[in-house]
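Some notes on the structure that comes next.
Order of writing sets the labels: A, B, C and D. Residues in every chain begin at 1.
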Amino acid sequence: MSTDGDRYVLVLGCPDSTGIVARIAGFLGEIGAWIVEAAYHSDPDTGWFFTRQAVRADTLSLSVQELRDRFDREVVRHLGPGTSWHVTDTSVRKRAVLLVSKEGHCLGDLLGRAYRGELPADVLEVIGNHHDQEDFATRMGVPFRRISFGDDPQEAFAALADRVDALDPDVIVLAKFMRVLPPWLCERWAGRAINIHHSFLPSFVGARPYHRAYERGVKLIGATCHYVTADLDAGPIIEQDVIRVDHADSVADLVRQGRDIEKLVLARGLRWHLEDRVLVHGNKTVVFD
Amino acid sequence: MSTDGDRYVLVLGCPDSTGIVARIAGFLGEIGAWIVEAAYHSDPDTGWFFTRQAVRADTLSLSVQELRDRFDREVVRHLGPGTSWHVTDTSVRKRAVLLVSKEGHCLGDLLGRAYRGELPADVLEVIGNHHDQEDFATRMGVPFRRISFGDDPQEAFAALADRVDALDPDVIVLAKFMRVLPPWLCERWAGRAINIHHSFLPSFVGARPYHRAYERGVKLIGATCHYVTADLDAGPIIEQDVIRVDHADSVADLVRQGRDIEKLVLARGLRWHLEDRVLVHGNKTVVFD
Amino acid sequence: MSTDGDRYVLVLGCPDSTGIVARIAGFLGEIGAWIVEAAYHSDPDTGWFFTRQAVRADTLSLSVQELRDRFDREVVRHLGPGTSWHVTDTSVRKRAVLLVSKEGHCLGDLLGRAYRGELPADVLEVIGNHHDQEDFATRMGVPFRRISFGDDPQEAFAALADRVDALDPDVIVLAKFMRVLPPWLCERWAGRAINIHHSFLPSFVGARPYHRAYERGVKLIGATCHYVTADLDAGPIIEQDVIRVDHADSVADLVRQGRDIEKLVLARGLRWHLEDRVLVHGNKTVVFD
Amino acid sequence: MSTDGDRYVLVLGCPDSTGIVARIAGFLGEIGAWIVEAAYHSDPDTGWFFTRQAVRADTLSLSVQELRDRFDREVVRHLGPGTSWHVTDTSVRKRAVLLVSKEGHCLGDLLGRAYRGELPADVLEVIGNHHDQEDFATRMGVPFRRISFGDDPQEAFAALADRVDALDPDVIVLAKFMRVLPPWLCERWAGRAINIHHSFLPSFVGARPYHRAYERGVKLIGATCHYVTADLDAGPIIEQDVIRVDHADSVADLVRQGRDIEKLVLARGLRWHLEDRVLVHGNKTVVFD
């Protein structure tokens, strides 16, 4: 039974045309939905329309499945080819798996949020290619699994894929995983794997971005949260932010200050993903934050 | 005749209830409106609903007056008490009057924007209580009028009100006017008079905010663009921003750096007002930027 | 024995006059000190001079105590009345005590940093007036002590003071302690007790700042890290920062987003304090970051 | 005769070694200089030392030329090879030439600042490769010269170089000049030619950065003020800043919002250059702001 705080969240992208808003709003009005949040975006370049609607579940006499069925019949079939949509029920907890390597600042931040109930997801497992973060995950009560990439990376990726898929998560977070996923895995996790890159992309794609930022003498450093695709650090950007640095900052200072911005950017991007606020179209995102 | 770029902009605030979005969207769909921008906000505290819709004028066979009449008949009369709304036609240039005292940075910024065609308004006149900015306004080709407040401020305010009202502007900008408007004038210009205050309100209401920021040792200074009300510096806030300062900055440094943030905040707030993006409700604003 | 990374950090404030820089630099040159960081500030309003110098310990043949003695004899006695100074040795770990109430985000952030070795201090103990954060502190391996303020707050403050003083910390962090320290305790911990306030001071001093920010309709919310004094939320400001909010953010959204800025501001301010980068003069700080 | 506000500003870069600070401070103390600002930076990577000192001219009995001679004899000759230094007298106004093409926002901002006395330089002339900005420059009382690049760009660059060099400026500002200077001109104006690029470099080097930022879907756009070198958009960075954008922003919106950040970043970078706050070493800058 739905409580006062539960929402059904409808997310839709389709070819733009006159009357879509009226059709959706008419449908929601007809079933008596109390709309809590409604956001729309028409993209003139691609001719695509996007919307996200959150309605109070307790104002509806429909189950989420009935809502999906009726929406499909009464709205979606009138929309153009390529339409994609889904309805989620916030009373069903999202599921997250975190991948990590040696550095623990992003993992620590996310597990801390999860511990305090600030993350709208359950963290099912932390998977590390090293043991460094095992102690912390264990202290936080989250299962830790080591998958070594030392001997046979391809085999390790296969094991990783199997384990993750067995957990059936809504999101796989590369929380400083420091390994490039093979194309077949990017494909398999398309739209669900989120990475944090320690630069303001597209600057400093690839390795050692802080070193290269230092050498270039930039006056701001940044971090980028994006969906993982087969193109390295070139997937759809969810969130970015920067902080000011100056000539007195060494590479170590950039690394230290960068950690804080990485944590924030990843946490924001992850929350938006979990709340179905991010719609991907082509290589870009619409973020209804 | 409307061109491709012309828009009708509908702005509405009313008591919230189920079905409003459907009703508005249905109306716009029925008249064949191509919606370019659509923004909604439901405020749970006040139970109020806000929307702004921009439609392409050239997709409609209605004049703006016919649109208003039909919208009033077919939508507004079904809405609750207290509903306020208007429809503007972006092909009709907005009209602005700028009030200034001795300092010219905000005035210079706005007149520069107007000169380069960046401001969605015509500047009808600059009115100063001193002659300092007369030369600059004249160079920019904008009429300047001096109204002295030296001898009889109340008489001066009366003359100011008469002159401004004769110009019938959509907005009166206090671009560093440095004079507190009397209550009757705040009332007369309610919702149309915009002030820039050189602090991050509600800190440092009133005189000499940079001196007081310096004395308090704050690490950021700011500026606030707000509607003028009878309560000094307490009107609805449209926009705010800040910049970082440190112990090495003197009051003069704060004043100098503050000028840039004042200019930006005022220019942003003014543009939003001119584009009908700001809806006032109680002492707060909804800004559909 | 000092290692390559160890520093002696000299911090000094004194009446300004010609020749001070030369005297200090001459002294450091004479003892063969390799200066790694040197910062100066002359305050024209108060006529006060401030400096912080970090030198490589391994380039000196003096112990830190010999350095202090010689600096006192050869430099300090030539400076004016009111001169205050100290020399710290970074090979001696700083000691921190954290005070907390029910909310754990700042505590979690600081203990996470301490766990990962990012904090230049040992956390000796967490003291809470409730049990809420006991589990987390325990998981992180930090002793937790409950001191209840329910029955007799004055007695509780006395017990708190006794316990903290027994630990002899370099800093006492009010990491969302939510209790106003009595004047005698502010006095006793002057310059060592750091608070995080969840507003951009001097806006919203005291209770419920997010609620008041929401009611005022501000477009940015902030946090302030400051030394605790007997004047509520009016002590010397170490660091502040803000984030953008808008009309769609509820009080709960402000609280949620504010947590991130509180964590960052407190962590930055605390690090600067621990690295002897903050010099207090009157009610203001000089921060050599 | 020097007034109270006049300063002699000493700027120096040299190989780092023990005792430099003492030597400089000793020299300044000996001649009785009242130091108003003193900044130091030791770069561990390059082993280079940088300092900027501003002293009150009225506290010295030396002329600026005598100061230079004595400093050369008593300090510089004891420093290592590669030492570069200069002393400027703030009572001598700096001289600026502005280069522009069709867009006027940066030019308008700088001429507005110059008109209001906010720029520490005289603007000698505006040179445009088109006539678009002639009217504005003329209104602001600044000579405008057209040099057409249509027929023979190389000849035009020669004419530009001749004219600029005849004016003997301290800085040549490419205020949206939109032309790539030939290598020989970059060489001739090394350290004096400042460009504003409309991206957060090193992202989007070259043409149409806003279009490319839009296509990449970045969540922040930026601007970069840098010294011009023969490597396109790769010279030493003086200042950068960014603003937030989102999916609803079209390319035109990025252009519009970017103008404000371009203006600010150029104005800040130019002021620092004019106040001798920027020291170039290799391809990086030390900015004593």
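We adopt the following convention: contacts are C-beta pairs under 8 Å (C-beta built on N, C-alpha and C of every residue); 3 or more make two chains touch, one makes a residue touch a chain.
Since the structure is predicted, the reported quantities are computational estimates derived from the model, not experimental observations.
Asker: With respect to inter-chain C-beta contacts, which pair, A-D or B-D, contains the greater number?
Answerer: Greater number of contacting C-beta pairs: A-D.
Asker: Roughly how far is chain B from chain D, centre to centre by C-alpha average, rounded to an integer in Å?
Answerer: Distance between chain centres, rounded to whole Å: 36 Å.
Asker: Suppose each chain is reduced to the average of its Cα coordinates; what separation in Å results between chain A and chain D?
Answerer: 42
Asker: Which positions in chain D are in touch with at least two other chains?
Answerer: Residues 37, 248.
Asker: Can you tell me, using the touch rule above, whether these chains form a line, ring, star, complete graph or other shape?
Answerer: complete
Asker: Across the complex, what residues on chain C touch chain D?
Answerer: Listed in rising order, the residues are 18-19, 21-26, 28-30, 32-40, 42, 59, 244.
Asker: Would you mind writing out the residues of chain A in touch with chain D in their complex?
Answerer: 41, 43-45, 200-204, 216-220, 222, 236-242, 246-248, 250, 283-287
Asker: Which chain A residues qualify as touching chain C in the complex?
Answerer: Interface residues on the chain A side: 37, 104-105, 108-109, 112, 115-116, 118, 136, 139-141, 248, 256, 259-260, 264, 267.
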